[in-house]
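Chain IDs A, B, C and D follow the sequence of writing; residue 1 opens each chain.
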């Protein structure tokens, strides 16, 4: 089932990418990123059947990171919203050079 | 080489795969954050099922607990906190042109990935054929992940705990909002 | 005197002492307590810092003065040498030594430094401790450049010198100090990096015994015939750029007016008096002897000489039209240093000796001019020539000194300026008569720009009310100007002791470079 | 090396060693001492500033500054430098009056003593004292050394003698000037440098004096420096002199490069190595001559001298008439060994001298400022001297130099006396009229009888009326020109295609013409100043009066010298007719120095018959007399309007009155273009624009532009970032897959 898993991973990942590209709502974009991470997890799990349990360990790490990322990211979104009253990324250009 | 799978197994594998895919497609087309979040939870569940089918029972459980249970709840919580539930409040998605372009880019990427996957699919297994089953019997579902985690990857594991600590501290500081006002 | 110096083992410790004394001074200055301005110190915070710095500089000068007697002009080798291993794996050694050229440059430095301290006595009022600490570090770096016998050490000292000056201009400078300091830094730093590359190339390719990289000057001097002609040309270009910017030769001079004008008085004095000499000293010590073939390649030599001559005339003409007196003096430096370059590359004994004399004289005269500008600026807060007029009646002593120093700067016979320019031209005429004659017209232009400015400042009607109540020189200012005047007269009338001390080294240089161009190299046999 | 050997040899065998001549070093040292004392006195009235200038700069003014106030035109006060009518005697004036002239009188006494020793010893070689090595660099050995020979002796006597008289005169003339010690310190400084100039044993030491006198001249011309005109004049003098010095310098470089020595003894010994008549020696001589034209105000560098009259009148007498401006003549006489080798250069000197003589004389005809007349007269007379040394008559040139020093110093000091009287008168009535304009004078003989008589003597002398000194010296020059037109090395050479002989006849003619003009303009000056009705003004006339004895005394002495100066060198043709005394004393005296050089030029010259010579003398005298008569007949002092009523001359007369517009032309063609080009092109365009703007700041701007372009990509819109990221990945993967 490796090929199917990888195909599914790719498809989910691409859907996440498309979501990032078409959405402007920071929260939805965030969710898309989560989707992409999860999709990658599927790869790890799929491969763990062939390469040993290390893959599953990595999934644990990815989950930790994505949890941390969600916490910090959402905190930032809250902070930005407080400041700007919007989470529309088009209106937020603090990075403008 | 992969083992032969029974039809029952294959059917369910495909079923959950299709559900995950379909939910993801619906998720990505939603404009309301709440709806999107719920559809994403659906995808997560399907994936959890796939994990279990792929002999990663512990991960499957974690997927449900952490992603569907914790992270997505936080998302919903934030959405509600900021009162962003109404899609009309936001001109969220980009125009049709952008969406088409995104679709084309996505298709392009997908095809490229497919080509790469097909070309580079591993033909040989590194571990014995029934390695995971043996591990499962020897250590049970949790031990199978825990053993390497606390032996081989101990340092990385400890570092992730530091990461989480920092993330908590950061989230608290950012969320308190005082720094924002100070600026 | 010499026997007394021998009895205290002077030659054994003097050179490191010259490097260490200012550093100790800097530490002492920084350790002084911060003090709010008290009465009678004219609003200068931590006035003790300037006292300490001044006395450290005086100590440094007294210590260095012994070199005048301990130096043996008949000896062609290094004197008072020190050789300590520094970074053995790279073959870098901490080697110091003086010859006749370095001797005079060191004495010039130690002589100028206390006077420039006096020059900043009252006009540096903030961050006083850091200021004097930087001055002390700067002096250590400058002396290090003159003493270094290892190219790596030389490069380190070269950059050590750059940083304090950057801060001195950038922190205590005039209105456009940031622009000027950054320009100064980048302008001089960029080519120095090229020089570093060339130094590393030399050290790595001309390895010493045992295959270790060797940066020692003596070694490279002996081994440089192994460098192919084309490579030598590239290496020389790198050195040339680093030194030419420092000199500054036309057209690499535009950092100079900005840096000079914006720097505080002491900064300008040190820049003009000592740091500009680094470039010409570099040519004498490294540029010519290490790459005689490249430097005396007829095309290269002609280009450099023509640039020098352009510098002489161009600097004078541009100086003539400056509305700002400090800028005028700055451009006059371009002109003077053009004479030095002409003298060095004309490469006769007279012209090289003359170039060395011009280097010393320029340090004295231009240093004095900058001090005088600083004095009048402190009183009237204007450097514009047009802001003055007729003030000789109000400040007769200032006028007398300014006139005298200007005359020395334009090379009036009987002052030091003449000796240098005369020797340069008389020497250059032997090898490049046409260029020498063209350069001689610089003598005319020098009189035009400086005396004209003098007229507009000191003479003409006293028609501005704010100029009628300028105080004349005070005792401190006299104390810093009188030594300069004394040296101007001394070097103008009796420069022979100085010339004799430099002659052996200058002769050696000329012989070495000329021998180097006519390969194969003859081994240097000690006489 | 050579010099040392000569000095060593000379020390043992020279007839002057062991005599008072050993004290020759004291000669320049005395005025230097005077300079130091007076200089310190002048500065001692200055007050030290406060310990911290900026702290009190705007508070209470110091005592010294309080005396000074803003000077506008017509209002004078303060501690010196402004107009000289400020009556405020310096507190050290008494001491200065002793020190200033005192050192000169002592020096003159010493010079006379040395001269007597020299006359009796009659040395053939110069007496050289070597003190220390000045610039020893390899084969260039320049010593600080003094050379005493007959030529320098003559100059020393003139400088110290006339100098002492002028110093004494200055005590009276400048006594009320607030810058009195400063004035004397400059004057002493000048004498010091002048003595260094004439006593130096090699070209560089001579050059020290050469530039030094230029410096003193600069300082003295601009003595009343608060007047822009004076300061300008000083600057102009210095710069024009520097142009000449450029030539001198180049000549020294060429000498050293070709014969390796710069001391006079060495150059004389090796001059022949340069090759007689070679282009090299001609070039060297021409460069030396360029230096001389600057110092001695010859065409083309004469322009500074008329302006130099801005200085105090005694200064004009000392520096710009009697001594400094004759340094060029001295230099050529000193370099006789070189010039005699180059007929072309010698002829150039003579031609320039002759042209200058007539050119300046014409301008002198139309000047109204009494000092300007004398200035152009000086230029003209210097031209005569150059004709003399140019044709190899070094003795005659030097002789004219000496007599000219007498009568021109007398004329200048006399004019100073006149100006002083005029000035006092105008000062008393607070009039702003020009005290130097002859149109404001007239009839002064009634008020200044002593000055009147003495100045007439000088006028007759300069016009060449026998038996006054000017007659002998001028006549000798013209006679020499005539004598060398046949057979001498000059006559056989060609100058720009003109045969030397022809040229010399032309020069002779020009000389005669200039003599005529000299008689005319000098008589004109005397007529307008002393004769006719007084135009000074009715009120002012009451204040006109003769100067005190301290001023008239030197005038009388100079008058006596003017009368008897000719006895120094009576021509043979005269002594043959009238037994006035021993003939050609001066010539015999100078013979050891310039004899061989003169002989080289006159080697093949045919002797002029005594009758011809007598005829020439007669012609010269007649021309001078005619000049005076013409002037007296044509000019009517009674008809001259006062300066403020005068209408400017027009036509050619106007051109002459404006000195042929040479200054204006130079301003337009040289000075202003240089300034404009330097400012607009070199500084603004090349320096600020191209080098700094284009290259230096340009490279910085280039880097900044790239940075700016990069920063434009940072829109801050994360959507765009995401898009570009994804598209980038697409492209990269595409490359990988399609590879």
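We adopt the following convention: a residue touches a chain if its C-beta (ideal position, glycine included) is under 8 Å from a C-beta of that chain, and two chains touch if they have at least 3 such contacts.
Note that this is a predicted model, so its numbers are computed, not measured.
More C-beta pairs touch across one of A-D and A-B than the other; that pair is A-B.
Closest to the middle of the protein, by Cα centroid, lies chain C.
Chain centres here are means of the Cα atoms, and by that rule the chain farthest away from subunit A is D. Between subunit A and subunit D, the centres computed from C-alpha atoms are 95 Å apart. Averaging Cα coordinates per chain places subunit A and subunit C 64 Å apart.
Computed from the mean C-alpha positions, the centre of subunit A lies at a distance of 8 Å from the centre of subunit B.
The distance from the centre of subunit C to the centre of subunit D, each centre being the mean of the chain's C-alpha atoms, comes to 37 Å. For subunit B, the set of residues that touch two or more other chains comprises 94, 105, 109, 113. Counting only residues that touch two or more partner chains, subunit C has none. Contact with two or more other chains is made by residues 17, 21, 24 of subunit A. Taken together, the chains touch in the following pairs: A-B, A-D, B-D, C-D.
Per the touch definition, subunit D reaches subunit B in the complex via residues 719, 726-727, 729-730, 733-734, 736-737.
Across the complex, subunit D meets subunit C through its residues 39, 42-43, 45-58, 61-62, 64-66, 68-73, 78-82, 132-140, 144, 204, 207-208, 210-212, 215, 218, 222, 225-228, 230-232, 234-235, 238-239, 242-243, 245-246, 249-250, 252-254, 256-257, 674-675, 677-679, 682-683, 686-687, 691-692, 695-696, 700.
Taken in their complex, subunit C has these residues touching subunit D: 42-43, 122-123, 183, 186-187, 251, 253-255, 314, 317-318, 320-322, 349-350, 353-354, 375, 378-381, 390, 392-397, 400, 407, 412-414, 418-419, 422-423, 425-427, 429-430, 433, 436-437, 440-441, 443-444, 447-448, 451-452, 455, 458-465, 468-478, 493-496, 499-500, 503, 507. Contact residues of subunit B toward subunit A in the complex are 2, 5, 10, 13-14, 17, 20-21, 24-25, 27-28, 30, 33, 36-37, 40, 43-44, 47, 50-51, 53-56, 58-59, 62-63, 66-67, 70-72, 74-75, 78-79, 81-82, 84, 90-94, 98-99, 101-103, 105-107, 109-110, 113-114, 117-118, 121-122, 125-127, 131-132, 135, 144-145, 147-149, 152-153, 156-157, 160, 163-164, 166-168, 170-175, 177, 179-180. Those residues of subunit D that touch subunit A in the complex are listed here as 710-719, 722-723, 726.
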